[in-house]
Amino acid sequence: MAILFFLMVASYAAGLLLPLCCPAKPKIQNLVAHGSAAFGSLGGIGLGIVGLLGPEPLTMSVPSALPLLTFAVRLDALSSFFLLTISLIGFAASIYAVGYVTAWYGHISIGLLGSLYNGFLLTMTLVTLADDGFFFLIAWELMSLVSYFLVVTEHEKADVRYAGLFYLIMTHVGTAFIILTFLLLFEGSGSFSFDAFRHPEQPLPDGIRTTVFLLALVGFGTKAGVVPLHVWLPYAHPAAPSHISALMSGVMIKTAIYALLRVYFDFFGGQFPWWWGFVVLVVGAVSALLGVMYALMEHDLKSLLAYHSVENIGIILLGIGAGMIFHSYGLDELAVLGVIAGLYHTINHAVFKALLFFGAGSLLYATHTRNMEEYGGLLRRMPWTGACFLIGAVSIAALPPTNGFVSEWLVFQSLFMSYQIPSLLMKLMLPIAAAMLALTGVLAMTCFAKAFGISFLALPRTSHAKHAEEVPWTMRIAMGVLSAVCLALGLAPMLAVPIIDHVAASMIGSSIADKMLALDRWALAPVNVEFSSLSTPALGLVLAATAALALGLVACCGGTSSRRYSKTWACGLNLTSRMEYSAAGFVQPIKRVFSSIYQPTVKLETEFLEESRYFAKRRRFEFHIAPVFQTYFYDPIIAFMSGLADRMRIVQGGSLHLYLAYMFVTLVMLLLAAL
Amino acid sequence: MIPDQPIAQAVALILAQAVVLLCVSPAIVGLINKVKARLQCRRGAGILQPYADLQKLFRKQPVLSTTTTWIFTATPYIVFASTVTAGLLIPVFASQMPLNFAGNIIAFVYLLALGRFFLILAGLDSGSSFGGMGSSREAIVASLTEPAMIMAIFAIALTAGSTNLSTIVHRTALLEGIATDPSPHLMALAAVFIVALAETGRVPVDNPATHLELTMIHEAMVLEYSGRYLGLLEWASAIKLLVFLTLIANVFAPWGIATSFTPIALSIGLAVYLIKVAGLALLIGTIECMFAKLRLFRVTDLLGVAFILALLGLLFFYMLRG
Amino acid sequence: MSWLTPHIATQIVDFGSAMLLVTCFAIVAQRRLSACVDLFALQSLFLAMTAALVAFFTDTPHIYIAAALTVVVKVVVIPRVLKSVIERLNVTRELVMNVNVPASLLICGALVMIAFFITEPIIPFGHLLTRDSLAIALAIVLIGFFTMISRQKAVTQLIAFLMMENGLFLGATAATYGMPLIVELGVFFDVLVAALIAGIYTNRLQDAFDSVDTTRLNELKA
Amino acid sequence: MTGHTIVLAVSLLLLAPLVAGCVSLVVSGSRWLHVTNLISIGALVGAEMVIARAVFAQGSVTAFGDIVYIDALSSIILLIIGTVGLACSLYIRTYMDEQVARGVIAPKRLNLFFFLFHMFLLAMVLATVANSLGVQWVAIEATTLATTFLIAFWRRRESLEAGWKYLILCSVGLSLALFGVVLMYYSSLRVLGDVSAALNITQLQQVAAQLDPHIVKLAFIFVFVGYGTKVGLVPMHSWLPDAYTEAPAPVAAMLAGVLETVAVYAILRCRGIADQAVSPEFTGGLLALFGLISFALAAFFILVQHNYKRLFAYSSIEHMGLAMVGFGVGGAIGNFGGFFHLVNHAFAKSLAFFAAGNIHRRFKTVEIDQVRGLTTVLPWTAVALLISGLALAALPPFALFTSELQIVTALSSSGLPREWTQPGSRFPVVLLLLCGVVAFAGLLYRITGMVWGSAPKDIVHGEHWSVGHIPIVLLGTMLVGFGLALPDFMRQLFEAASALMTSR
């Protein structure tokens, strides 16, 4: 293990330093940086596998010259799982980047970009491995800092700068909460080492524990992007280069999930009241629903994907929250089920979100725009990208037989299992959460029907789209690999579930792998196979068979005649892309139905012909949805703070006598106080 | 599922059920149209007319739009496949379907969603504004039906202690069915019925007969289709209708369904089944004559009602069970 | 010197320090700058005398040096410098004050009380050193400080500052046989230099701002 | 280590700046001035190294009878003086020459500048090594006198104003401090009658336990308010932003990096004595309370600054406040964090002011919103500014993150001393973290605003390497390095010093 670890760290470090040293040939820098990153992530994958197979956790620790700080590393099942996820995506991203960054040759320093990229991977890895609070904080802050620098890669653009700053400040707010969390844990143990957190000398009083729970939820939730702390995410993730966006959206926000599990199940040993789980559940449900709703209204492809990260984090938290509720009622098998659902969705989301961001990156690479309204008809120009994007879309829309469907199905099952909970409130709340999840699922389906349909189908809407070219093979390979993983995780869950079960069992203590794999591993069942079961391979087979059947029927019913091609009927006119349904038009009914949430402001300007008011020369339609959280949550805080600061300015009025008076008063006060 | 079931028998059952679905579905559509015609004092076409239509469509040479991609041609097969697969998850005439293990109600709903997803894409692919309009309307209707659907079925699943459709039907059939806990079942039934109308694009949500731009939903999506592709889609939607009728019939009134595999039981089951779905078809036909199609943005109210009904069903279940 | 009981000596020293306090009040009440300078010189003279007395009674010779330095620096040199500055800037009197004279006097009275109040718990020791002189020293420091706040002209602020220094020196000698010589010398050096630098500054400020009214110095804010 | 070497080293320590000062009055031509300067500062650093090793060997060093007393505490300060002094001297080489070349100042005035600079150094060294509270006070007052002209060196209206305010406020503050020293003396006299030794730190430390607590309390208050003015603790801080804004960049670096530290040293010395007479709760509480106030107020001022020099000025108020909190809370961690923070802040702040100096020379403005796109205009400076800014915002891997976290941990685990808040109150920690976030936001909002973006067209692009860049690189590397791996001897130094603080 040590060898793998050092190999990984070494190659990341090499990728961190070499590109800066080696000659300023962008091509070489590109290969060096991303090559070593690929090596490092391979090492990470190996390390993760070792950790998952290894019976007991492996630890290493290097004391530092600084009090309180030890560079301690621990590789248990949980860390290994997240390490594996990160490294997997990291590997794909490294391959993708080789092709992707060529667009920047001569514009920005590829060496710097690549070096930061390696640093990003390294810090993320260390976050999952750290076994000491202080070390964890350093890795955590470094992760944020490096990702900030990657976000502002194109810092000439004002909105990118804004996004970066917003991200940096928000994540620091989160870190403040995390620091407070660790400080409270420190009180019980007198040390920052995670072992001390696990086994404090004197157990923390309940008040403190509750505070820790909430602080951790806010602190890590900020990074995970749960509503209402998500506002930075749709700005920051799209602003970064696409392979970075894939990493940020796919895995960086998962480190927060990791940390939450670490705190709740590891440090607290799963000792918590039911309402903790309920809070997590509610946060998850709200994030999922609002995330997808805001995503629907986005026409910037990368922002749309970023909002879907909010949604999927919500789905993950639904699983984990359900698990926590079950655990607090002593239903450990179901608790494991919930956590498995969450973790499975974690890795699935990582894979298909990365795949989709790669796709978006390829579109950006080919068309130089992120606005969906300027795409169209790209499936003809970029068949490979289109096919991969379609697989990603089907997966994130949780349609069978892909991986997204499996994990979402598991989340549904763990929510349905609520009928075993004694409390009536939970009995009712979890199915309602399930209903919200169902709504989320359909809306996600709609959103990606929009994303794929508007971008890849029908006629090109701009000359960019008309003249787009398929992307380099490295990018295609990366996308292909992830598409394969999507299908594999969908069609062969029986291979993944035991591993994830091992992870969940290591936290909760009871393994349910054998109960989940029914019918000699063909079907998946939530603990009791009578209640429900799912077999994606069977479904896949039946789908294929019926499709074949359809072909056969068509054939035997004489449907063999050749096809004829002609233009789409457009009421007698020539069909142009202006007649097509736009992304905005597609979601218009949804916007109208849920207008209470969107609070849209619509602006319609019409310019009529001189001759008659019955004919419009041009029409301009635009709608904005109210940024509710900025308006009612963030702006007031910012306004208050800066107002306070402004009012404080008078303290520094510029008058010498005033200053002397301060000193005088202070002195007299202290003298009197001293008596 | 039945662990000790010979594989041959299983395959035979699956095929039989597939055949039933494929063959009966056009007749149901024909029946509904016939009923409507009668109620509108027309003679109307024969019940078997849809078979002739399908035959004709398969023969015709398909015309494809030049703007479309492979998605457009693949969609009919995918829709057909997903619908039939969904149909194979619910018991038709025998309560113990071998494919039961393959998926539960969630899988059922999401299989239909798979078909819908590609249908929406196809609607957009044609490039005409009608296709887009249909797709976007289909999306909103679907997004409102599915939560209600899942809640309703869950309310029933609680009685049977399972969400696998076949297990539900089997157990409710062995129990006294809907009489077990009437109130939740009735509410769930109402909810599922509304959902079924919406899902299958019937009045008052959608009108399969219309081709009026402003009102059509499903028809708008398939507007650019012709020939065998249109045939497949028509057939698939017929199957979908039948599947939903089967769902209602067998989940809420599983009486007479074959709970064992003796030929007698099976044949009785089949007969009862045909009567039940025919009855439901008559009901739908009548409804379609009595009600006008709702405005699109009134549909939300209807489906909201469905959701609340389902929720109440759940509540009642827990209340009565304590 | 049989008549010279410690009691009498204490009385004399107290009298000396009391005179310093009185001159403080005089300066606080005085608007004319040159008069302020004279009063300051007078105060410094009292200070020197008190120091000499302490030196005499406690026969600690190095305080004589301090006393002599006081005479040279604070009675002769600094007043000269200040006078010249005043003439050069031809500002004769302080018209506007941050706190008017009666109020200032009242506040200073309060400060004296505070000073006594604070030093009250200190247990006196030795035959000569009394806490009264310490209290007075503290009072003078506080009054000087307050005067710096209440007056606006640079020169008066300087005088007030030097008043504080006098208070310190009183504390250092009357209360504690005087500090070690090296420290005394250092302090004196610093005071001298500080005064000179301040004098230079007043000139520069005059050039830059056409006034030594320190309320004009408020361009740097927040 | 023999006594002679130490005597030699100490005398070198004191003589080098003195001689250099006198020399720089007479020699002409900037080159020779710089040479003298570098030689003297080099000698200074060398001597410090020797002394530091001696201190390691024997815990504390006395020389010339007991006039000079150096222990771990003072050698930390000496270390800071040496390093930052060296860095400044290297930076001055480029900075001042350009000012002369551009005709901002007459070449003659360089002599004055260097004379004052060396006097400044001398005073600070003296204040650090002197064994007598009195001499220490004299030296610190001398720093005021030496620096006031350095601050007003450009002789603009604003710089004069700043200089005057600095002079008045600091002199007043210091005379209060002197009164405190007098009181200390008064209290010590009755214990050890001998007049000449009654101000000796070593002596006082021995008898401190017997001093009259009331007088010592008063004395400490006076000393705290007095030297606190020099440190720039709110509300005695008012001179600081003006002075830092108007002073030439290297001088500002010295003020922020070193002078404040020396003043802190003076307070800590007095505290070491006072703690035995009065309860450490009292002194500690005083430090921590004013530290917190300074931190909080400065954070909000940082939020609304539009002048980058003032920005850094307020940030040094903030960080000094933080260090004070560390010392006030005390304990092994608190004191360690405090000292570590002093060192880190000295480095980071001088780096920041060097960067500020470069920016000012290129952009001719101190307004933040007129500075854009440093990455293209001044790449090296941009990196320096980023490093210092991120370090001052206490982000890892920079050392200030470590020290800040140590201080916060100490605060949260032991809370403010009981005399000042009710036991177990977490309000201070929350306040600290909140204001930390505010300061972070303000600082990075401004700094990233300057670094990124595309520069105005009329600005000359590109930056070529000069001597002035050496200190920037050095300080930057040290800031990064210390955050992760502190050199062992420094750790021992800090631990020894915090042992001194906590021993009683």
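Note that the chains take the letters A, B, C and D in the order they are written out, and that residue 1 is the start of every chain.
The rule we apply is simple: contacts are C-beta pairs under 8 Å (C-beta built on N, C-alpha and C of every residue); 3 or more make two chains touch, one makes a residue touch a chain.
Everything numeric in this text was worked out from a predicted model, so none of it was measured.
Chain grouping by touching, computed with chain A excluded: B | C, D.
Centroids built from CA atoms put chain C at 102 Å from chain B.
Centre to centre, using the average C-alpha position, chain C and chain D are separated by 31 Å. Measuring from the averaged C-alpha position of chain B to that of chain D gives a distance of 79 Å. A separation of 45 Å divides the Cα centre of chain A from that of chain D. Counting partners per residue, chain A has 649, 652, 656, 660, 663, 667, 671, 674 as the residues that reach two or more other chains. Within chain D, the positions touching two or more other chains are listed as 164-165, 168, 172, 176, 218, 241, 301, 304. Listed for chain B are no residues, as none touches two or more other chains. Pairwise chain contacts in this structure: A-B, A-C, A-D, C-D.
Against chain A, in their complex, chain B makes its touches with residues 1, 3, 18, 54-55, 58-71, 76-78, 80-82, 84-85, 88, 99-107, 109-111, 113-114, 116-117, 120-121, 124-129, 131-133, 135-137, 139-140, 142-144, 146-147, 149-151, 154, 157-158, 161-164, 167, 224, 227-228, 231-232, 296-297, 300, 307, 311, 314-315, 318.
Here chain C touches chain D in the complex through residues 60, 118-119, 121-123, 125-126, 134, 137-138, 141, 145, 148, 154, 157, 161, 164-165, 167-168, 171-172, 175-180, 182-183, 186-187, 189-190, 193-194, 197-198, 201, 204-205, 208-209, 214, 217, 219-220, 222, going by the rule given at the top.
Note for the complex: chain D touches chain A at residues 164-165, 168-169, 172-173, 176, 217-218, 221-222, 224-225, 229, 235-236, 238-239, 241, 286, 297, 300-301, 303-304, 332-333, 336, 375, 390, 395-397, 401-402, 405-406, 408-409, 412-413, 429-430, 433-434, 436-438, 440-441, 444-445, 448-449, 452-454, 483-488, 491. For chain A in complex with chain B, the residues that touch the partner chain are 377, 379-380, 390, 394, 397-400, 405, 409, 412-413, 416, 419, 424, 427-428, 431-432, 434-436, 438-439, 441-443, 445-446, 448-449, 452-454, 456-459, 518-519, 522-523, 529-535, 538-539, 542-544, 546-547, 549-551, 554, 557-559, 561-570, 575, 577, 579-581, 585-590, 592-593.
Partner chain C is touched in their complex by these residues of chain D: 132, 134-135, 137-138, 141-142, 144-145, 148-149, 152, 155, 157-158, 160-165, 167-168, 171-172, 175-176, 178-179, 182-183, 185-186, 189-190, 195-196, 198-199, 212, 214-215, 218, 241-242, 245-246, 301, 304.
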